[in-house]
């Protein structure tokens, strides 16, 4: 029984990465209509950015938590301005393909310069150690990750769903020309949104640097799972992807306990089931 | 009249004549390959992928359905054929049949699930299904995990064609490719193809005209999956192994890349695309680390600048229908 | 056969998972072997070419085939990734070339799928499992818990290690099969922790191993008195993890740069010429020393007969002796045997400088390190 | 009875999350007549059409077509029985030419639709009929133009031609004249009149002169239920209809 | 095809009318393209502050394209469009909107992913003086009832109401309505007529595109006839009777 609590908690921790990543994907999909295949690569860049800050500029974890997402976010905005911009109005497919290409390039370049086994990054001193909760040993850093990502997720949700911005963004996805004709600078808004989504990915990257090896491949396989999370939650649904992110972490955690061999597949099985029953995802808007 | 390119694939008014001439040229070129000194295994490999990409193109280019899991048919047919040849000792022709049938069966099952959704959801479901299958193949014993099925015997087709002879093998693969290609070509230019196009254009309208669109999409999916499987079964004889890479999602991505590079929705595009990508893999192998980066750059350039793909741009420039 | 031209192909993963342990380093090692063999001074013309197999068996097989058919390559070296290695081995046999594998682990290469053209040089799963399993058990780590990657490779490692542990008088308390490419190990680590086993064996590879190690440190497994034993780990991985995380880790290798003067001399030269100045891994060392032996055999033959089986037979006939692995031999099934070493990663305070990572716990003599011939299922042995 | 009324509904109801878009509608459409469905915006006319053609599932009620209960059928099956609709927002196959648009419909009627092994030249035999239909709606010059490039009004005409190609026994037209110029309206009205000899037509239309001119029977819907039924002259005298639909200017 | 003389007289006439006040919008030699097809071949007309001007013409004449060009949402356009003495032919549509021009597009442009309230509140207020929500619900009671439904779940007519309602909120003084009566019930059409009249009395300027001539004639001050991408004629409401004959040939009314 105690072991089960432990698994639930661990699942929740994992879920916070899913939530952050799928949130970024959902923001980008919901607003730009782009399936951002480069998300995994940008997540990886976030982690690398933290590493560079530490090793080249001697800037530690805490500032990196802000600097890295901003830096990678700016990089994302440049990508949007120079490349993705040209795809407005085209089918989803092209966005998917372009970002897929970008992912290959970014990953390839990092691979060439930093090898495949990756680089070390350790837990900041303030968050070292752990607490014995009775049923499990909880590393403090993990606790921090859950709390922090929950806060970030809710802030993002508030920004997009509870301010006018959200309505603008959703409308702009459907008919950017008309929204622009209402007096809204749609291109700038889209650039900033992409920056936001990318920044969230980078943030997840920084958070994961102390627990996962900082490797060029670190995002490549994760991204497919995160896609599944977004689809289950309902593409473009902000709250949906947050909740599904956490929930899937937990479900995966339980699977790891009861039938670990299936823990990688469970999310895909769920996705197929959900889509068959509710095609727009659990909380997706009908369209 | 120019066609605005805001749809995935502009359906140009086709003239079958251009296509026939191009087909003739392609066939002749392929027939003389063994006499040119071009390394036949490269061409064989490319032909298998070309057929695969054509099958994929049938679905996206004419049915408007982007499958991001087509590798599952390639891999399934490969494993089943490989197993049948090596373990059951079936003759090559039966090995191909068994592999292709396995892919067809898989296409029926996955198709029934996938075609119920459209657009991006369709892509995601196919991706999910193929990932599921990937993990299954990773764990089931008959696929031998990451080692794959190795040293698959080539044998004698119909009892007398010695497939270990590269020239014989080449013509067998070529025959298989042409067979598959012609079937796809015919499908596209068939009454069924017309209905498929109209469904892609406006599905509710097609329903209101009395078309059970799901049946058409399912048939297209099965045709495409079966042909992809056929390509996978042929490939077993060329590579003599069947491995996990053929079921991995990056392979599905590569199929998309080939089709895109050659030209989505053009008949010959996937063939050209497959040759280009396979050539890149083969001849850039010496560039080592940069292969993936170069692939990525090709992807990006295609999407941004040559959206019609190589064949599409050529056809557009000369106002041909290819 | 007085032909004195040789072409060496270094086929590796240049851009993926294994590019650090093999990849460009293997090409460099091959070039250094050519230079150090001194054959060029004796009128030989030796070329080294390289290619990327992208970890795809069919790409690897195609390149190998084309190398033999078109480029007239004599010998293929390195080839990490078991799937590719087996595919290449098949082609090499068909073309009667030579294949000296250094990068792949599968012991099938010298068992069920052995060929008269293939030599397996540096390490294999049997040796990793037995080295770590028995040496560690004998050193006091007598209860084990496994984290096993759920595919053939992981299962083989776990199976072999279990055998070794039991043979050495240890006990296996349990294990978990985790899917390939798992980024989060916390669930599994909790269970490993709960098992109270003295040794947690990682029967996995690459990113799975490094993530598991990193997270084990985070969850305080080592502080809690448990030992982590990685069944497959390279110095490049330790370097990537950093001593902070990797300290206390146990594993087996057949080469370490800081063993003796000869290894140090080679490694320093290698490091200087590497793009990012890394030390050689055992795979790099294997490429180097296997080629030296190959060249010796050619010299003994007086020229290159371009007959793979013949040269391999010659290589098996001659005892091996090289600066990196010392004295050894090649068994009839193609298995190169040499001693293996059980290492433990130093703590940061023990380390005296960059790349000073390992301390030696035990040496496993050559005749115990690898599959005994009577247990090999290689068909070449049943004459 | 089935002979007299081609389409009947009993107690047809559609509820959207507590909102009744259609409530207890009983409709009887006489074979061979032009029957108009009018009513203020949001009265439930399009919803009715969606229910009849099975694009929506009724919350309650029954639909009889040619005496047969079609309440539980799939949309494509209903179309196959000869009950075909047009859409309020024009629905064409944008990247097919006008001719091909019509041919797709003819093809469904006459088979071959699953033949993937046959050349599409077998469809050429439909070209003649397709051109005739395009002529009928005044689109001959557009035969080889892609539908996207046609002006709005022409797209509506094309839609009607496509519907006619199915040779349906009964057509449901949702605002066929919306967005058309006067000339087109006259043309289409004449066309509808002409085809009504052969088909039964149920249409929604806000253009009163068209309704007045064409329809035999008119049903007025408000807030989801039937307010009145009768011919044009009678209805324009009905105060309730005036208030709900026609407005002050009429009568 | 209009002959040259006709065009000249038309232009002269409109110039004469325009002279009566300072034109708020003046369009000169406007040309526009969709991709490579040249649609507008030199449109010229004026709209004075406080006027209701209607563009009439056959299907496909280029009326919608004219509105879109003024709004800046046609890719390629040349010529001159001056609004409030400012040249806007090169401006981006968000800038144009902020100058106080609003459009109610032909295809309505209701957003499926927004509910009715969000659709209504979407266009930002560009200046004060727009209608309040209560005033809007007065005009279109249907909307109030369906406030929480998804935008595109509204009936065709309700969507049309929503499309008009949302630009009344923004405070834009210059409204372009593209066939606002399409698909509306006669009662509602009358309501819209009243609305336009009221907006006019409150100083709004309206450029209207209409097929429904009967309706247009109840609200418009002046008419321009568009054919094949050109203005071929123009006259004021008072000249209507005299021009009925011509109208018939132009439009088939």
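Just so it is clear, A, B, C, D and E label the chains in written order, and each chain counts residues from 1 on its own.
The rule is simple: contacts are C-beta pairs under 8 Å (C-beta built on N, C-alpha and C of every residue); 3 or more make two chains touch, one makes a residue touch a chain.
Model, not experiment: these values are computed from the prediction.
Undergrad: Tell me, which chains sit next to both chain C and chain D?
TA: Looking at chain D and chain C together, the chains touching each of them are B.
Undergrad: Using C-alpha centroids, which chain lies at the maximum separation from chain E?
TA: Relative to chain E, the chain with the farthest C-alpha centre is C.
Undergrad: Between chain B and chain C, tell me the centre distance in angstrom, where each centre is the average of that chain's C-alpha atoms.
TA: 37
Undergrad: Quick one: chain D and chain E, Cα centre-to-centre, how many Å?
TA: That gives a centre separation of 30 Å.
Undergrad: Find the geometric centre of each of chain A and chain E from their Cα atoms only, then give the gap between the two centres in Å, rounded to an integer.
TA: Each chain reduced to its C-alpha mean, chain A and chain E end up 45 Å apart.
Undergrad: For chain D, jot down the residues that touch at least 2 other chains.
TA: 149, in rising order.
Undergrad: Could you check chain E for residues that touch two or more other chains and list them?
TA: Expected reply: no residues.
Undergrad: Which positions in chain C are in touch with at least two other chains?
TA: Residues 15, 19, 150, 179-180.
Undergrad: What residues of chain A sit close enough to touch chain B in their complex?
TA: Residues of chain A touching chain B: 35, 83, 86-87, 89-94, 96-98, 100-109, 111-112, 224, 227-228, 231, 235, 261, 264-265, 268-269, 271-272, 275-276, 279.
Undergrad: In their shared complex, at which residues does chain B touch chain C?
TA: Residue positions touching the partner: 39, 41-42, 45, 135, 138-139, 144-148, 150-151, 235, 238-241, 243-246, 281-282, 285-292.
Undergrad: Inside the complex, what are the residues of chain C that reach chain B?
TA: 14-15, 19, 23-24, 49-59, 61-63, 65-66, 69-70, 81-83, 86-87, 89-91, 106, 108, 113, 150-153, 155, 179-180
Undergrad: Over in the complex, which chain A residues touch chain C? Could you list them?
TA: Residues of chain A touching chain C: 3, 6-7, 10-11, 13-14, 17, 108, 111-113, 115-120, 122-123, 130, 136-137, 139, 141-142, 208, 210-213, 215, 217-218, 221-222, 253, 256-257, 260-265.
Undergrad: Mind pulling up the chain A residues that touch chain E in the complex?
TA: Going through chain A, the ones touching chain E are 164, 167-168, 170-171, 173-175, 177-186, 236, 285-287.
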